[in-house]
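The letters A, B, C and D name the chains in turn, as written, and every chain counts its residues from 1.
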Amino acid sequence: MSHQNEKLPDILSDAVLKASVPVPEDFVEVKGIDYSKPESVNMRAKDLIKSMRTMGFQASSMGEGCEIIDEMRSWRGVHRDSLEEHERTGEFDDNGYQKSTIFMGYTSNLISSGLRDTLRYLVQHKHVSAIVATAGGIEEDIIKCLAPTYLGEFSLQGSKLRDQGMNRIGNLLVPNDNYCKFEEWIVPILDKLLEEQTEAAEKLGKDAFDADSPAVLTPSKLIDRLGKEINDESSVLYWAHKNKIPIFCPAITDGSIGDMLFFHTFKASPQQLRLDIVADIRKINSMSMAAFRAGMIILGGGLIKHHICNACLMRNGADYAVYINTGQEFDGSDAGARPDEAVSWGKIKAEAHSVKIYADATVVFPLIVAATFASGQ
Amino acid sequence: MSHQNEKLPDILSDAVLKASVPVPEDFVEVKGIDYSKPESVNMRAKDLIKSMRTMGFQASSMGEGCEIIDEMRSWRGVHRDSLEEHERTGEFDDNGYQKSTIFMGYTSNLISSGLRDTLRYLVQHKHVSAIVATAGGIEEDIIKCLAPTYLGEFSLQGSKLRDQGMNRIGNLLVPNDNYCKFEEWIVPILDKLLEEQTEAAEKLGKDAFDADSPAVLTPSKLIDRLGKEINDESSVLYWAHKNKIPIFCPAITDGSIGDMLFFHTFKASPQQLRLDIVADIRKINSMSMAAFRAGMIILGGGLIKHHICNACLMRNGADYAVYINTGQEFDGSDAGARPDEAVSWGKIKAEAHSVKIYADATVVFPLIVAATFASGQ
Amino acid sequence: MSHQNEKLPDILSDAVLKASVPVPEDFVEVKGIDYSKPESVNMRAKDLIKSMRTMGFQASSMGEGCEIIDEMRSWRGVHRDSLEEHERTGEFDDNGYQKSTIFMGYTSNLISSGLRDTLRYLVQHKHVSAIVATAGGIEEDIIKCLAPTYLGEFSLQGSKLRDQGMNRIGNLLVPNDNYCKFEEWIVPILDKLLEEQTEAAEKLGKDAFDADSPAVLTPSKLIDRLGKEINDESSVLYWAHKNKIPIFCPAITDGSIGDMLFFHTFKASPQQLRLDIVADIRKINSMSMAAFRAGMIILGGGLIKHHICNACLMRNGADYAVYINTGQEFDGSDAGARPDEAVSWGKIKAEAHSVKIYADATVVFPLIVAATFASGQ
Amino acid sequence: MSHQNEKLPDILSDAVLKASVPVPEDFVEVKGIDYSKPESVNMRAKDLIKSMRTMGFQASSMGEGCEIIDEMRSWRGVHRDSLEEHERTGEFDDNGYQKSTIFMGYTSNLISSGLRDTLRYLVQHKHVSAIVATAGGIEEDIIKCLAPTYLGEFSLQGSKLRDQGMNRIGNLLVPNDNYCKFEEWIVPILDKLLEEQTEAAEKLGKDAFDADSPAVLTPSKLIDRLGKEINDESSVLYWAHKNKIPIFCPAITDGSIGDMLFFHTFKASPQQLRLDIVADIRKINSMSMAAFRAGMIILGGGLIKHHICNACLMRNGADYAVYINTGQEFDGSDAGARPDEAVSWGKIKAEAHSVKIYADATVVFPLIVAATFASGQ
């Protein structure tokens, strides 16, 4: 305290003008964009992100998220030749070096949004190793190949939209005809799948339920089949099929595909197509166990977030984690839980690099991808 | 405008002191609690809710939520005797009159919390007709019969907790030993179920996959079995089994039960227990179609919210809906969508009575239940 | 881990079935409402809150909030006779024992809502010592004495409402005529206040700006005058005037009162009524310094939250703090900051008992007051 | 509906496969980034924003926000020569054409963050006409000229930080010494201001309180003086002083400046520096009335948001409005209110172009500025 005001009661100077310890040398100063530099005009993604890293609040979290993504995608271990056969479990780059297995999760609405093109880009270029989505995240990708989704408004009145057959997803609109087209497209596939199930069951007899039985369809097998059938380069599922990137969706019945499977039970009766979820939990957990390093990029909350984290428990924790969502922890939901909650469960390693970015994925993920996967580096 | 200030520029009086139309006669005045009344001391639930109805903001929404719940639980249609045989699809009260089918959904964390006792109360007394939960909402109910969950803090450090084997759920703690106890409890049941699957498959041969095949286990059948086996009156699953209230959980592999099913694949190999989700989508959708009136009480977001709404699409919309969650619509998530978005899809009827209460369910649902189901009326 | 599954890979049993440390004896089990008890029918506030205390999530926070409020209102120190004259700075109860000084803050919208009756109850019965509000929190209290506020809906269209002269506040509606009535009511008071300022200024001459000068009007003096003039028992301001409970509002020009003061400058020109905010910061800070113990009950965020906390810095921190708001910390706003951030500043004592309840005040404060101030104890 | 499934109950095909009306021609298809284009590598701000415009959710809102900002900054009316003298009230560009008056508001924490450099850039280059801030938004700008703010973490423990004299603002840290430096810097200025007040009061005698009296200090005059005294090109206040851009802060006592003014009352006694807020409400409202067109860019909620909106009521509504904040409307707070609520009050014109972007300003405003004000166009 200065001696400028000698009449000041002691409690005030003690409380308000309390001295602080010397600032540690490794402290990083808060700074923003230096607009005097030429690159600050119509800035590029990498420059923006670099300046945001020291801005504080969620700008810093975005910067940190990009760092973590760059770490997970650039990590390389030893060459496969220096590993025993049984150790060659995870992924290798084109030169034969160990690399991270990256699990990406997203909620249905992000496929409905224009972020689908960004997600497809990542799958097309093999930037991720596996995907977890909710039912809508599967079917909307296919449906967009059949007919477009449109921009709308959050405030459009539900009863009027229902009269028009226009389904609202936030500020998007999907004509109900799109689902009718989907029904036309998928029924023959379901017919075929039932046929295949029946044939395999007959052939295998009492072994039809065994591990790896071709009689048993799973969500991930169904999704792979849909990706093959749609045969459209704008589709995430198409590229996932092409690049052998599994897409998991344990609750695939919770959406239009579920409606179609339900409808199909009337047609198929007394036969019934089945979808087993035990084989898929074995499949995703096995990928996690096999990974040399595991990274998580999770857009949104709920099932897709928990499912990836839970799989990473099987390896005693992910090595890298980036959460992007708008959930809050105060209601004890898993959706809103911070990465540190997952650390307590062993789903993220204690020493892992992790961040949660509190934002709608559509406002941050395009910039994050531009500054990482699509940065040209 | 008064003529008190003649020097005032016209634009100001026009803009700021603009006259309003006469107040319509049906307008309801905002009012709060009248503390001069004797019942305003240590108030009872019904009195509190009644006063909150005219308070505005979410207090009004809570009041409205109670009204809707009272409507859905008190609705009665015609007597079963006045219906044709094929029309007797839905539920009847003890006197034979049609009543509503009530779908209740909740996320896992609410079973972890003390709200479980309230949810169990509703199931025990048959106040609801069907339940949709996430995996944790199933297993935590069982686990609590084996060992307690404890109060903690949101800010406890993850790495320390992991060292201690203490798993954090918001401000709750679950010792990891609880999951070990769960493993010990469930493995014999999974063994038995695999045996039953194998036997039935052998017996049925090529018809093993058919509709209603006893060879095919589903999440709802598994949950019913767990409720039977736990045989504990503190359990939601126990009462659901007892009262034949189905519990749906399409992604039941997404949690500790999934871990156990995964572990079991090692033990069972080359056999494998299977869980089919197609039969369950048929089952829940059929309940919705059969209902005379359908009500939804949905605590939390994500899968459980969408799943109930989607089922109600099969009847062209629910008649009553109460959402309680903390999600927001701005990110286009289904979790945060208002009831009016579901109206656009035909999941809630245009003329239905619905409300969304923006709150953590633990702060509002105890009071709501106290003022409705547990009001003594 | 059990030995039920000997084929399980070690990493799985180590990670998933990791043993936990023994549960400490002071751990509190999560429990909810025991519906077998007779008091669980149409429950009373205190019983509800007691059961919610061990529920977890925000139910526990509500329970804790009630405990803190009971602590702050029941704390008693020594008798005034055992204090030196200069030590008799704070508040005493009717028996002469030291008690806490309670600062209550609320945002404008809560006075617009029916919570106003609860806030008025607290002031009427001297349960709080000082209030901080925003401009609307002052004027809406007066305006409600002149004409009612009505229930509306969040989704009503703004342009239609403007045509009708209906102003929307969330799901409330205030006819613009109410503000015209307010203008008629307040202008004569402003005229009188200007007269008084002029007289005092003339009388005091060069000392007119001095400390305690009657020529200088402040927001708290203006508010006290409005409370006196309205003379209406439904008003918070009336009881605050009556009970000498100061109401602080540093930005009182930011609302309809500001509009009226602005209009008045045209009428008064070249004279001008003045409102000094320096005297008020001295007044609230002095109350904080004088308090034996200081408690904070803050409903909402923004200025009212910061202002009370900042005043409590003058005493090196509040002893009790209950925040109720919907703000989140991720954007670095003071509105969303947890109590622990205020601890870093010395605004809350390190050893203080504090809690933040994440909720709209209208859904939790009626129950909290019913279980504390209005519990009959 | 297709005729693929003739056994399907009618209610199902009617509800689920309901036909939609033809898609209106003006519907805009949801689309994302086209990664096949060369400009999609390390994207530039304008290209990113353009692609985000059709993505949906908040990406679309960001795109719309940029459009609105471009509209408000590019609008030009008639030449000043074609206006009567009394009509030349608002702002003109360098060529003499009418342009918009832009009100920018921000909360304190944004000046603490690195966004300060962006805000300063806008003031330095006269991109805005007036500013409304909270107290911290004033003093932190000055304090940063005296000593840096540092990056920290949201989870740092308050009691430890207090021991070290480190004040936390979200994930930022401000050493308490910075406030001591501020005290040393400001006390001589307050001394000088008191001197000036005393001199003017003596000179003016009974007219000392009149409109435009130099005896009466206001927050905006004090802020201008601070900007002049700091004389530092990194400062927002410096450039505001230089460019005659008024900064309004009705509650300037609610922060460290208030602490200093409070302290000063001990030193100055019996004299007292005064800060009148009536003159400032006249000043900001007059700017609004004078504007040819009015635009609002409001970062954060609370007082700064309401104050700008309220000023725009004086012109019967703003013509352009961009809100960026994380508040939600469900609790009826003004902070969370959508632009449409302001339309009902006449604070935004019914025909105005407005948007609310639900995000922490630090994650969206750098990109928005890069794509608009700092786009080189």
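As a convention for this text, contacts are C-beta pairs under 8 Å (C-beta built on N, C-alpha and C of every residue); 3 or more make two chains touch, one makes a residue touch a chain.
What you are looking at is a predicted structure, and each value in this text was computed from that prediction instead of being measured.
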Task: Any chain in contact with chain A as well as chain B - done: C, D
Task: Label of the chain whose CA centroid is most distant from the centroid of chain B - done: D
Task: Contact-richer chain pair (by C-beta pairs counted) among A-C and A-D - done: A-D
Open item on the list: Using Cα averages as centroids, what's the distance between chain A and chain D in whole Å?
Closed with: 34
Open item on the list: How many angstrom lie between the centres of chain A and chain C, each centre taken as the mean Cα position?
Closed with: 41
Open item on the list: Could you pull out the residues of chain B that touch at least 2 other chains?
Closed with: 9, 12, 16, 18, 56-58, 109, 112-113, 155, 166, 169-172, 259, 262, 269, 313-314, 328, 330-332, 340, 346, 358, 360, 362
TODO: Would you mind writing out the residues of chain B in touch with chain A in their complex?
DONE: 107-109, 112-113, 134, 136, 154, 156-159, 161-162, 166-172, 197-198, 201-202, 205-206, 208-213, 215-216, 219, 250-255, 258-259, 261-262, 265, 268-282, 285, 300-303, 306-307, 310, 313-314, 325-337, 339-346, 348, 350, 360-362
Task: chain C contact footprint on chain B (complex, rising order) - done: 1-2, 4-9, 12, 16-21, 23, 27-35, 40-46, 48, 51-52, 54-60, 62, 109, 112-118, 121, 148-151, 155, 164-166, 169-173, 175-177, 179-180, 183-184, 187-188, 259, 262-264, 266-267, 269, 340, 357-360, 362-364, 366-367, 370-371, 374-377
- [ ] Show which residues of chain D lie in contact with chain B when the two form their complex.
- [x] 9, 11-12, 14-16, 18, 56-58, 155, 289, 313-317, 328, 330-332, 346, 358
